[in-house]
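Both complexes below contain subunit A, partnered by subunit B and then by subunit C.
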Partner chain A sequence: MSGGLRPYLAVVRARFSVLLQYRAAAVAGFLTQCWWGGIKVMVLTAFFATASGAPMTLPQAIDYVWLGQALFTMLPWSGDPDVARLVRTGDVAYERLRPLDTYTFWYSRAVARRTANPTMRAIPMLFTAGILFRFVGWSAFALRAPSGAEAALLFAVSIVLVIALSAAVSALLDTLTVATLSERGVTLIVGPLIIVLSGSLVPLPLFPDWAQPILRNQPFAGLMDTPFRIYSGHLAGGVAVGALARQALWVVVFVMVGRALMTRVMARLQTQGG
Partner chain B sequence: MTQIIVDELTKTFRVAERREGPLGFLRRRSRDVHALQRVSFSLREGELLGLIGPNGAGKSTTIKILCGILEPTSGRCEVGGVVPWRERIRHVARIGAVFGQRTQLWWDLPVADSFALLRDIYRVAPSDYRRNLDELVALLDLDRLLTTPVRQLSLGQRMRCEIAASMLHAPRVLFLDEPTIGLDAVAKLAVRDFVRTLNRDRGVTVILTTHDMHDVEALAERVIVIGHGRILADGTLSSLRQNVLGGRRLRVQFAEDVPDFAIPGTTVRHRVGRSIELSFDPRETPAHALIATIAARYEVEDVHVDEPPIDEVVARFYARHELEVR
Partner chain C sequence: MNALRLYGRYIATSIRSQRQYPVSFIATSIGAFASTITDFIGIWALFARFRRLEGWRFEEVALLYGVVSVAFALADSLTRGFDLFGEQFVKTGDFDRLLVRPRSTVLQLLGYELRVTRIGRLAQGVLAWAVGVRLLHLEWTTTSWAILGFAVVGGIALFAGILVLQATLAFWTVESLEIANALTYGGVEAGQYPLDVYARWFRDFLIYVVPIGCISYFPVSVVLGRANYMPFAFTPLLGVAFLVVALGIWTRGVRHYTSTGS
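So, the complex of A and B:
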């Protein structure tokens, strides 16, 4: 890196403000996520009514669902369409005209993307599921407050790590897009994988016991499962701190892999042209 | 002071080739394309160089190497003592570049926001930025464009903003790759005026590629012609002209019919009614002597002496070197 974060913060800020312009998409996204959230809550309610010895309580599972709906766009399930466009038009080489470390540049863009979209969608979603539901008498299906002050604090830390991890995965996907010259293949493989393994489809604790050690240690749990379980108190104390450490570790791994791949891809670009 | 050194620069691309037919991918081969072959030149600080040549000649490859985004296969290249591709970040912070076919402004942002982002990316001090911006706004008449989103600008307006964007960090070297492509006459003149001001008044070194020979005529004291990846000519435009189409043109409007018109040392190029265009070599037949001879024999209404159009000179030069002009 070339000293000083000013350029990168400027990139995040500019990108963030551009993304906030897409309000119509946010409204549509919010409505879709309300719909799916409702379905998931109903399915889980039915499931919990017949199941015994479930690994989490129904209110915990409901919190998990609503948080997942609110923060859905934080998931790095596809690459940046801007990068895909750069690859299609052959303009990628011109990204190198900026006096910026290209990895950090793209990482900054990913940070903006993984925060701006969720910001627009999370606020109305948290309001709807957390407050509005109580007023209309759906308290049983509503999102509760964090299980305690400690949980709230750890949740906040975990969300910061989610952003860091999600941006690192996004930057890696973008680099893969450049390497393979198309965003389709990458999105096709990684998209569904991330949606399942992050817990976005079904909360991870509801998977069979034998799968739990694997699910706990794979990187994508750190994109949703970790903060959501901390929020509702399903993970607490030392276990929660351990989960945060795993999140941080995966951030380091993804940044290292992304950076190494970027160096290789850019070296090839520098000899082969855009 | 020598600012840009290009020495024996060679660039070879490996291009994958795929044969025709459904099983073509099994027989993939690669072929070498020699984009640049031992190109050498140097540029003093404050020079303005026009780089011309047909499409695919190697102009853009040269510019990309000088900008640090492409690495040559062999050869040496330094800009202000820095090898562009080895110290890319340091290098690109000190140069400005405009590529006419693409934009460096952010599509969704107003121009002013794009500029502010570039200010932060190039780490320009606020006071320097203010001063540069004020000057650029005045020179390029950008006042009313600053609050407009980039996507709403016309091509001419956008190009003025692009050039301003490339100068916000006050680089000493500016690369312009086809900056007037697609522009109307007014916008072209505005771009040329600005480039001239930068070069003459501020001493910015400029390398310009273009297909518009009027750009070159208006701006460049020095021209390098590139073809098939080699330098074919390096000198002033007038020496190129002298070398290729040294003749002058004389258009004469006669007051009478001249069916038997013939003057030694001249060739008739066109004749339309009573108007004839001749070409002649001023070193053999001085223009005043020629006009006197014609006026003595025929009744002349008007005469006009001209040089061959620059497009014709260049086309002739390309043809001489068997360059395919597309």
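So, the complex of A and C:
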């Protein structure tokens, strides 16, 4: 082979191995999700075996766990790292020069982020928990299909509302980042709160009965709990529609608060850097 | 200077440098506390609903949780150098500098940083442990404290071993692959429940392959009086053995190392 080609081949090889590492990272992430989901499913199975009268059935709880593993990147547990960088460098000033409404601009970015990432992660997870598990004899631990056509339809609507709500929370976090000049303080408090209150940690219906009225009416239930319960038929009919309405209401609230806060923050914006 | 004194110097320097940013230190510690205590809240919620888990009560699982959590928090704070090994040493070629110094690479990497912010994770582990002890009504003898103390030592060794293996992998992959996260964070998750809960193959994996059950489940069972079989108190030795094997593989990895530096 002629010597002239060799550097290019080296570049191809180097680039290839970098990309392979991204793939390895994706595989590692997927295996971690399986590990986590598997532990949760086994623990819940053991808990359900010792007691009757739980507020949801075991298969419903298992569906909840796998959907949670598949879609956990939809949770807005931190703001946009790009916005945090804009704030650190002072480039946030340029955002104000664009002939665009900054809130809508950031909101749209958040929508993209909360849609693209989960799609990539959800497909292998849903395939594994929903189909592969049945073939290797783990049907009892597998994700089931939606409980019916109506459930599937309402689930789809609810997921759209999840994205809308998640983006609204993200945009609010971004605005708070601008106000406090650092993304860390906000993430510290909001992250754990969302993990608990969305149902990502433990399905919300399994929390004590006295906590249910609070859990039902707080905004973060609309990030996971609502669609997952609709999917398995735990919420149906009028109750499900009511839950969708609550989700929509929280979207409106968060957008209004985020917008109002951004107007105030941007009015006295101080940029860093030089 | 002997190795221990040198290590002391390394650590003193590391702590001094972390003290330069007190606000950041406090914030990160609180964050570590808040994000890890959620696991314990989850366990509490499930017990409030179901009361029992394979015959185990909340306070018993709290003790199990405390032991695993404390061990991992300490291991995680000690092994920062191994955790960052791929990015900080192999990719940059900085590992060359460690090799030319007349001290073992393991000592130098251990001395890289003592992550003080892990006190947040440690605190919630201690809290869970204290909740368990308070609710248990057991007679606490020197023997039971010794067994749990040894369990923590075995646990530190095991988690450190996993991080050493993760670092060793970087000799071949250059970048640190976070496959080990499934075994460290995921291991904490698995180890905080009694092994009885798991399917047979998974239980075997947690005993014979990555012996997380041996550093928590067996010794804690002895202390709780669930298993009247004293040899179970010594199973954390397997955690130590895991670290020894991991360090053996590390040595082979060092021999395989070729610098990326220029």
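Basically, the second predicted complex is superposed on the first by the 241 of 274 C-alpha atoms of A that agree within 3 Å, B and C clash if a C-alpha of one lies under 4 Å from a C-alpha of the other, contacts with A are read in each partner's own complex, and residues count from 1 in each chain.
Criterion: a residue touches a chain if its C-beta (ideal position, glycine included) is under 8 Å from a C-beta of that chain, and two chains touch if they have at least 3 such contacts.
Nothing here was measured: the structure is a model prediction, and the numbers come from that model.
Q: For A:T50, using the defined touch cut-off, is the partner it touches subunit B, subunit C, both, or neither? Pick first, second, both or neither.
A: A:T50: touches subunit C, not subunit B.
Q: Tell me which partner touches more residues of subunit A in the superposed arrangement, subunit B or subunit C.
A: Partner touching more subunit A residues in the overlay: C.
Q: Touching A:A28 in the superposition: subunit B (first), subunit C (second), both, neither?
A: In the superposition, A:A28 contacts subunit C only.
Q: Following superposition on chain A, which residues of subunit A contact subunit B and also contact subunit C?
A: 21
Q: Give the list of subunit A residues in touch with subunit C in this complex.
A: The contact residues of subunit A facing subunit C are 21, 24-25, 28-29, 31-32, 35-36, 38-39, 42-51, 54, 184-185, 187-189, 191-192, 195-196, 201-202, 206-208.
Q: Hey, which residues of subunit B end up touching subunit A in the complex?
A: Within the complex, subunit B contacts subunit A at residues 13-14, 61, 64, 67-71, 85, 88-90, 92-93, 97, 99, 102, 104, 106, 108-109, 113, 116-117, 120-123.
Q: Quick one: in the complex, what on subunit C touches subunit A?
A: 27-28, 30-31, 34-35, 37-39, 41-42, 45-46, 48-55, 173-175, 177-179, 181-182, 185-186, 189-190, 193, 196-199, 202
Q: Taking the complex as given, what residues does subunit A use to touch subunit B?
A: My answer: residues 2, 4, 6-7, 9-11, 14, 17-18, 21, 89, 91, 93-94, 96-101, 270-274.
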